[in-house]
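Each of the two complexes below includes chain A, the first together with chain B, the second together with chain C.
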Partner chain A sequence: MSFLIQSGFLQSGPVQHALIVGGIAAVVAAVVGVPTLIRGQAFASDALAHVSTAGGALAPLIGVNALTGFVLMALAAGGMLEAVPVRDRAERDLLTGIVLGAGLGLAALFLSLGVTLPGASGATVGVLFGSVFLLGADDLVPALTAGGLALVLLMAFLRPILLAALDPDLARVSGVRLRLTGAVHLACLTLAVGLAAMTVGAILSTALIVTPAATAIALTARPGQSLLVAAGLGLAGTWGGLLIAYDSYVWTNGHAWPASFCIVTALCVLHFGLTGGLSLLRHLRGGKVRR
Partner chain B sequence: MRDLPEAPPLAVEDLTISHRGRPILDGVSFALNRGELCGLIGANGSGKTTLLRAILGLARPDGGQIRFGGGRRGRIGYLPQKVHVDAYMPLRARDVVALGLDGHRIGLPLPSAQRQARVAAALDAVSAEGFADQRVGTLSGGQQQRVFIAHALVRAPDVLLLDEPLASLDPSIAAEIAALLRRISQQMGIAVLLSAHEVNTLVPVMDKVIYLANRHAVAGPVAEVIRSDVLSRLYGHHIDVLNVHGRILVVTAPDAGAGTAHVTLLP
Partner chain C sequence: MIAGIFTSSWIAGSIVAAMAGVVGFFVVLRGASFAAHALPLCAFPALAAAHLFGLDPLGTALAFALAGAATISAIGQGTRRDIASAIWLVLMLALGELFLSRMHSYARAVYGLLFGQLLGVTPADLHLIAGVGILAALLILLTFRPLLLSTLAPELAVAAGVPPRLVEFLFLALLALASSAALPAVGALLCFSLMVGPASAARHLFDRPTAALAASVALSLLTVWGALLLSSATGWPASLFVGAGGLALYLAPRARSFRSLVRA
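Moving on to the complex of A and B:
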């Protein structure tokens, strides 16, 4: 057991902060991920995550909290995606690609300034790949606030979001306000992207949103259940990854593996293990396993 | 004192609609009564979907009136032309029906026996209980149509509008769905209006037909509308209506005019 949980894991302050903030990010990202995949917006979530790199890189340059930077930049990009009218998914993907390109250009500028400006913090690696063990007590309240807001909004608008994903005309005829519903979903997504970027970095934050949600959708056909399963998987992958990252310091004689790598790997192992196991079970039972 | 006659659940009067300056419908009038099943027939591009969208409030008419007997557009059930549901979508058939009941509401749905009963009743009305717990994206075309009809029925509408509900179905399944709609309209007293470009599947179940062509419409019983003289007046040139082995065939001369060179309502 001591090989799996090295001494001092739960007593360490940085680990405690990482477990709490990482746990909030994992749950929010996974729960928001389910309707994001149902709406066919995996690419949009990836684009917002990458564009938020610019905000994360800008934050230390103007002296604001990294979460604020990530979220504001993702909100700006999300606002642009929502404001420009599109006719179908193909047009939305085109627009998303254009916004993604512009955001990455800004990210290149701010990351460069972060390295070259006098007195720059050089936070590039943290922005791109996360620095979850460097989170402090100051990050708890913003993370809780952003996470709580995203979950409350998503739960409140879950039914209109699902109905709009089924068919926009059907939703409109039923009385759903499509623009409001889309805006609320994008707001939740940007908050989730910001939280995920704090934990595993802007580059890898998509994994926290897409992977647990995709696993949950494969495991259960019930919308409410899929949210709970996604949250549990996100939490398990994130906490498991943090544990592996902490342990790897001992296993590798001080050459610890990045927490973001460990978290993303744990989520992928859970995904392929569970969906592969389910497929095997269905095969053995002649395809009669109910999901 | 005599009771006033009940207003029809849907009445369209002198409706005119254009799109980007191009006239689509001109002076279209008809009324639907309770328990009546009406086919909205016309070739592709004749304005069937535009008419349904105007009734739903999704397209703005240039003139005319659309009246609802209940006074509210909210008492309309609707089935769009094509609802594409991915197989992986985590929604069971009963979830889709429940979204028809309260999917527009903000807030978490509280567990309610009444809600479950209404969903179960709608599934029962379309004989969909057998696959109610399956992912809707994995169901066959006919089963999905039943689920979406239940979705449209669950709020107990006065009027049910269906846009080409039989278009992508095998003929035998299409006939089953047509018979189901007939039963629903009669048993629940709902006015059903469904569009189609193929009339024969609907002939056995229709009380009334609205035939759209040349931006105009003729409405009435099938035998009074799908006739050579009536359709010739509607199209503005000679139309033959043939009865081949009990099925209707509407044809016109190849040189009769652009867009109507050959009109056939048989596959």
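Moving on to the complex of A and C:
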């Protein structure tokens, strides 16, 4: 046990902050991830996450906190994706890619301007891959506010968001206002991107949104259940990853593995382990295919 | 000295742009944007590992790129492929991060591999780019007709005896090759922009595939040359101008249809 949980894990202040912010990020991102994946928007959520890099890099230049920067830039990119009309899926993917490229170009500029600021060494890596153990007590209030807001919005709009994702035509007939629902979904997605970027960095925040949701959708067919499963998996992967990152400091004699690497790997191991186990189980039962 | 650096950037940029123009043409027509975004990120951990363990960058990049192409083509089509590409992509990024975190001058290496340093292309980079460029050109010459046929008329291609899965794998391998060569110059994140922006404008301008392909290469070259000039004039990163050029090339031919849409 003392090998698995190195001493002082839960007593350490930075670890407590990381567990709180990471936990909020994991739950919000996983819950938003389920309808996002059902709508086939894995690429769009990845694009928002990557573009938010530019916001995180701009934040210290204009003196706002990183979370605000991440969320505002993701919101700008999401607004652009919604505003430009597209004909089909290939065209939408193309537009997503173009916005992604332009946003990353901006990120390159802001990051290169940022390294000239005094005391900015390591800022590049912090924005891109996160620095979750460097979060302070003053990061908790914005994270809790953003997380609470996203969860309240999601709970209030859960049925229309899921219905619009599963069957847009049925949703329209049953009186769901698709534009409003889409806007709320986008707002929740950008908040999730921002929180995930604080935890694992802007470039990896896709992992918190896509991976647990993908595992949950593969495991259960019911949307309601998959929300709970995704949240549980997200929490398990994030907290497990934080623990491994903390332990790795001792295991490797001070050359700790990056926390975001540990979190992403834990989430992917959960994904491949559970989905692989499930298909093995089905195979052993005689190759019955569900649905 | 300055002129020497600029020349190698110019040669490297032109090779990368020509490749991106050709490959991007197929990316746009096949609707493979997400794969084109995910595959370059396989080259990111490859070059990071090569730096860290002192491996041959060309060989490592090829191995990772082919592994990535095989994985994505094995996953199949549709929504599941989207999700699988996303998971593959974050896994590769995290792996690259782990390799780079073992090195000194961590931040500079991360920035260079992700966003590229067109103005700082070294002779070693130039060897990598030229080597992969020759391989990619050979592959394009060998597979051009079946690839074009299966892209424009998939059913006709099957009838003509072109195996669709093999062509799909060859296309992804080509994409992976082009991206690993583009990595030192425009970075893992932005070689995608260079592929898709010029090609999407070219498709809007010309109906004939060969004309569109030529226009795609020409616009891609112009983007890189413009980015080089603007970057050396302003001191801002070339990636900014590559990304902005991609956006401008995407929006420009569509400006008229937007205007009519607003009026309607």
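One rule holds in what follows: the second predicted complex is superposed on the first by the 275 of 291 C-alpha atoms of A that agree within 3 Å, B and C clash if a C-alpha of one lies under 4 Å from a C-alpha of the other, contacts with A are read in each partner's own complex, and residues count from 1 in each chain.
In the analysis below, contacts are C-beta pairs under 8 Å (C-beta built on N, C-alpha and C of every residue); 3 or more make two chains touch, one makes a residue touch a chain.
Computed from a predicted model, the values in this text were never measured in an experiment.
Residue contacts after overlaying the shared chain place A:Leu158 against chain B, while chain C stays out of touching range.
In the superposition on chain A, A:Val71 makes contact with neither chain B nor chain C.
Set against each other, chain B and chain C touch different numbers of residues in chain A, with C touching more. Look at A:Asp93: by the touch rule set out above, it reaches chain C but stays clear of chain B. Of the two partner chains placed around the shared chain by superposition, chain B is the only one that A:Asp169 touches, whereas chain C remains out of contact. By the touch criterion defined above, A:Leu48 lies against neither chain B nor chain C after alignment on the C-alpha atoms of chain A. Touch criterion met: A:Val264 reaches chain C, while chain B stays clear of it. By the touch criterion stated above, A:Ala221 is placed in contact with chain B alone, chain C being left untouched. In the superposition on chain A, chain A positions 40 are in contact with chain B in one complex as well as with chain C in the other. Against chain B, the residues of chain A that register as touching in their complex are 34, 38, 40, 155-160, 162-163, 165-167, 169-176, 216-218, 220-223, 225-226, 290-291. Across the complex, chain C meets chain A through its residues 28, 31, 33-34, 36-37, 79, 82-83, 85-87, 89-91, 93-95, 97-98, 101-102, 106-107, 110-111, 114-115, 187, 189-190, 192-193, 196-197, 200, 236-237, 239-244, 246-247, 250, 258, 261. Within the complex, the chain B residues that touch chain A are 56-58, 74, 76, 78, 80, 83, 85-86, 88-92, 95-96, 99-100, 102-109, 133-135, 151.
By the touch rule above, chain A contacts chain C in their complex via residues 37, 40, 42-43, 45-46, 50, 84-85, 89-90, 93-109, 111-112, 115, 121-125, 128-129, 203-204, 206-207, 210-211, 214, 255, 257-258, 260-261, 264-265, 268, 271.
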